[in-house]
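Lettered A, B, C and D in written order, each chain numbered from 1.
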Amino acid sequence: MGKIKVGILGATGMVGQRLIQLLDGHPWFEVGYVAASEQSAGKSYAAAVEGRWHSATAIPDRVRGLVVGDVAGIAKAMASCSLVFSALETDAAGVYEEKYAAAGLPVVSNASAHRHTPDVPMLIPEINPEHLGIIPAQQKSRGWKNGFIVVKPNCSIQSYMAPLHALREFGIKHVIVSTMQAVSGAGHPGVASLDIVDNIIPFIKGEEEKSEREPLKIFGRVSGSGIISDDSIRISAHCNRVPVIDGHMACISVEFKKKPSREQVLAAWKGFKGVPQELKLPSAPAQPIVYTDDPVRPQSRLDRDNGNGMVVTVGRLRECKVLDYRFVGLSHNTIRGAAGGAVLTAELLKAKGLV
Amino acid sequence: MGKIKVGILGATGMVGQRLIQLLDGHPWFEVGYVAASEQSAGKSYAAAVEGRWHSATAIPDRVRGLVVGDVAGIAKAMASCSLVFSALETDAAGVYEEKYAAAGLPVVSNASAHRHTPDVPMLIPEINPEHLGIIPAQQKSRGWKNGFIVVKPNCSIQSYMAPLHALREFGIKHVIVSTMQAVSGAGHPGVASLDIVDNIIPFIKGEEEKSEREPLKIFGRVSGSGIISDDSIRISAHCNRVPVIDGHMACISVEFKKKPSREQVLAAWKGFKGVPQELKLPSAPAQPIVYTDDPVRPQSRLDRDNGNGMVVTVGRLRECKVLDYRFVGLSHNTIRGAAGGAVLTAELLKAKGLV
Amino acid sequence: MGKIKVGILGATGMVGQRLIQLLDGHPWFEVGYVAASEQSAGKSYAAAVEGRWHSATAIPDRVRGLVVGDVAGIAKAMASCSLVFSALETDAAGVYEEKYAAAGLPVVSNASAHRHTPDVPMLIPEINPEHLGIIPAQQKSRGWKNGFIVVKPNCSIQSYMAPLHALREFGIKHVIVSTMQAVSGAGHPGVASLDIVDNIIPFIKGEEEKSEREPLKIFGRVSGSGIISDDSIRISAHCNRVPVIDGHMACISVEFKKKPSREQVLAAWKGFKGVPQELKLPSAPAQPIVYTDDPVRPQSRLDRDNGNGMVVTVGRLRECKVLDYRFVGLSHNTIRGAAGGAVLTAELLKAKGLV
Amino acid sequence: MGKIKVGILGATGMVGQRLIQLLDGHPWFEVGYVAASEQSAGKSYAAAVEGRWHSATAIPDRVRGLVVGDVAGIAKAMASCSLVFSALETDAAGVYEEKYAAAGLPVVSNASAHRHTPDVPMLIPEINPEHLGIIPAQQKSRGWKNGFIVVKPNCSIQSYMAPLHALREFGIKHVIVSTMQAVSGAGHPGVASLDIVDNIIPFIKGEEEKSEREPLKIFGRVSGSGIISDDSIRISAHCNRVPVIDGHMACISVEFKKKPSREQVLAAWKGFKGVPQELKLPSAPAQPIVYTDDPVRPQSRLDRDNGNGMVVTVGRLRECKVLDYRFVGLSHNTIRGAAGGAVLTAELLKAKGLV
């Protein structure tokens, strides 16, 4: 049996390029279609990204020659693939993702347009795979047959969501997090070098709001026609841009309803596995959370590629003088936090028979 | 009347060099003596720092030719100056600072050796100048005549101490702070470039302990023969090393006993002045705290030199979802946080008649 | 007598901002007019640069409130100033600089549009002030009365032009130069951080051509109605972009017609003075070339600000195994190489009675 | 048949660590012995490098538990392995490498101690494998039986040696090269971050001399009891340290006895293969030189890992205005330039029956 053909909307941007790289040699999927804006449409993919292919590895041969479609031409996508990844800009995502779904294609989106649409699941596959249960309601209320939309949350939250989720039995109450985020999170050209060499920028537009709100939906529950956020948790985020290429680091202080022991925390992290691990999904790391005993780790450059960029590396667990515990988390923002998270979501959809 | 001659112990290191730079052209003080370890002793200062003078400005002419003394040779210091700045390493500071004080010289120290000695004041001149009141007790209990020791706190706390102090009328209760500290804080050679280019290190040895404990003494009060720390405040610090040359940034969340309004916070910062401002000390900035309305500031490279490196620049005041408020503070770690803070302290001593 | 009012075209960009900064407190000039593209026109200068003022010093008070004019509105400039600095993009410079000159205003341009127009002098004031002698011919052939155009060469050549010029008595024959250029040379946003953190880019569009060709005109001579380039010199340039904020460094190998001794080279550099030094122009450094004996200097961060950014710092003179000598030169690309060089040129115009 | 056991002298340093990483899973060799200085001797390897293991990949399991030997204890090495890699500091290399060879072990050295010993071959396996022919003479004159010494040249020359060698049929005459070298080339801690963030250092101790002299021996010929350098070539090197983690870049201008056409140059590079390619040695890249047509490449971060760090990536071939051609070369300094080059050399020794 052949592989499932997938399409990539916004294929020439940073996340689109990462998707192409991660899907190269994928056991289940192969890229059958790429689309971008009008300017790129009609060119070969190689021509469309000439001078702005950001990866150290070459453009995969099977994608080089694909003719880039116009994102507005949905019929062509329908003919070429069975699922689309959306790496569109927010505005374009707002316009097109529903059209693709209405036309019958499952859409796995990295964009923020539908993150807070109540009947659209926002997935970290290890955390809330059961939110896929909302899809029939999503389809029904919109009169869609086979298409639907699933989204991925923001990259900034991935360094602390899995570690917090693994501790939910103790009741997450308050979280104060300070992030140090890599420049690749802003895409290309993104952050100007003049703004970040020998500098820290203590502000990223919209990022603190996303970092505080998205976790509540992910920790929420499916209820009838929507997902109800868990508003019992309060998160306060300080988001900073730092001169690092890849890897978002977070310093987390957390308060529980019932404070666990240090051993309980470590055991919860070390033993944590989710549905992707049970199903042995191709992109799922054996252990989604890896705790390091090295007191000076995790570090952005040394640990971002752990588990092919899909592992959250956690370290420095210690008591917090104000809340209960504090620790450091690190994840690769364009892999686990973007393209890799989207591929893992698509694998989950396939394993669940939704594609 | 001539200027007061001062000496610098540990004159060849990073902080020693900054002291020499800041004292060049000082209206009250002039460098009359420099001392360092045995290896440097006997050389001219210029020869002793050859190939490791880190400043963009040249070695001041009057210091170039000074013969470097051995830090163990106290008599020579006595003959050459009326006050010494100590930029010694902790161990050497532990050995020598008391000897200099016993010999009759006031010592203003950047080292950590005596920061928690109860009868040694740890000063941020704008915050706790009244702690100088402990000096007679310090002298008496040790049988010292004219000499005494005053210390400066760690550089990591300077970005949040003045902003918190200005709000003390509202009762500081809990503080969670995450710092992003420049490499110059580790001296030279200090942090290896291999460890910090394209990287963040979420650990600095001993720094979190200092960042949590030193503020309590500074906010404490003189009582009989010692300074009693204010243990009603709890501070939790996450300290990170970042690829920035100068400037320590801090993301602060704070809870008050009585939550002020946003206007009250801003008014407290903007109106804040301390004794150094009242006395118009030469190194005192007109406003020790400057609040910026620019939503993307303070930034390390752009704001560290504000007020000749003596101002704490504060920005991004907003409600905290967990505690009461959050904001960002920035200070120059080798000026306000080290050499500049020491010079301001010496100026205060002189203004108070202690030198 | 009041100061001479000057205007700045392209006042909101990087070089425009530097001009405003350098002209603040200038003894002869004051900014009376600022112009930019349509989008900025009508706003106050402070509003026009909000969120993109790149300097660590604040916008000068007298400029904050100036209403930004449309660069197309020449009448307004005529009414407000006696000379304009052009920091326009090449295309706009090609359109507008001649119009301003035709309207009667001297134009000192940082743009490349007229660098190779034969009757437009391209000035490094210490090197070829006599090229101003072409101005009457420039005005006559175009029917201009008081207006004219003078241009500044590219920033990439400033680190080697003065050191080579000081050695011209020995006959410059061949030069191979490899530059390491700061990101500020590309303006803002300019170089993406993703492209330059932990990276070197061995290519800057158009830069090698400029670095090889512009020196020949500067070393040329006025002849009738044009400037004749000195084509006896051959220069080969390798231009690289490096992760440095400010400061262009150059590694130079040079062959002479008559090889000087090492002492002759050093004496030529140390003794070098130009017309700006003789006239004591306000922005002229006392010594335009400073040779450092420190074997590890010049360094970009430590030496770029020498002489307020107007000095070329030279070091590491040694024999070349292939040509005659090799050495390292460094200059501040946005001061000596752009805004500062333009201001010095305007000062020369004033001293020569051309403004 | 089992793998050949190899030892690593200086196993705890930067190059030693890279060797361990590269030998993990090697088809022919396995690490059977590690040695370092007295301080580390007796500890497990994992304990000896605790807190200073620089790689993003973990210490290989089979090496973690090896007890570190004292480099002075040669008997133990004899008992544990059939070849040693030396990553010793120059001084220690001068003392020990001959002792190991005298004791009967082939030594493949990364140190500079014997680079100019006439009967010690300095190998880039693609360039001068025939220099191994000197080994019998080396052994004979010293009375060694099975042991001998082979060395690897400096990392700084690897970005231009293979590209020049591929063009030797045209007669290399003059070369001017300017390097931009990564901080990993100085080992750890090596370059202080304070010295290189936002900076360029135009000097690396001893590096220009090595970059000019070593190529002549490599391009030389075996003659009786020694290797005669090719003194017909003159090389002039400017060596610079840049803020890049890995990857040495070189800007090269070259003059030939008989200038080839552009097509000839490209053909020579594209077709170049050496003995390691013919013998299909495990670490040999299929093509040792890869030419990129992308006008903005090679770039340090994007191209250093080409061919697992064993390829020299070349680009930007263009005419030189002074010599004949200029181009850019890039190689990974700790792989091709150090550990990888040493492993490839050992593979060649094995293939030639010398181990």
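Here is the rule we go by: a contact is a pair of C-beta atoms (placed from the backbone, for glycine too) under 8 Å apart; a residue touches a chain by one contact, two chains touch by 3 or more.
Note that the structure is predicted; figures quoted are calculated from it, not measured.
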Labels of chains that are neighbours to subunit C and to subunit D: A, B
Report which interface contains more C-beta contacts, comparing B-D against A-D. B-D
Using mean Cα positions as chain centres, tell me which chain lies farthest from subunit D. B
Centre-of-Cα separation between subunit B and subunit A, whole angstrom: 43
Separation of mean Cα positions, subunit D and subunit A [Å, integer]: 41
Using mean CA coordinates as chain centres, what's the subunit B-subunit D distance in Å? 47
What positions in subunit D touch 2 or more of the other chains? 54, 197-198, 243-245, 296, 301-302
Seen from subunit A, its contact residues with subunit C in the complex are 54, 183-184, 188-198, 243-245
Of all residues in subunit D, those that touch subunit C in their complex: 174-176, 178, 180, 198-203, 212, 234-236, 238, 240, 242-245, 247, 249, 251, 253, 295-296, 298-302, 315-316, 320-323, 326, 328
Within their complex, state which residues of subunit B touch subunit C. 51, 55-56, 197-198, 245, 294, 296, 301-303, 305-306
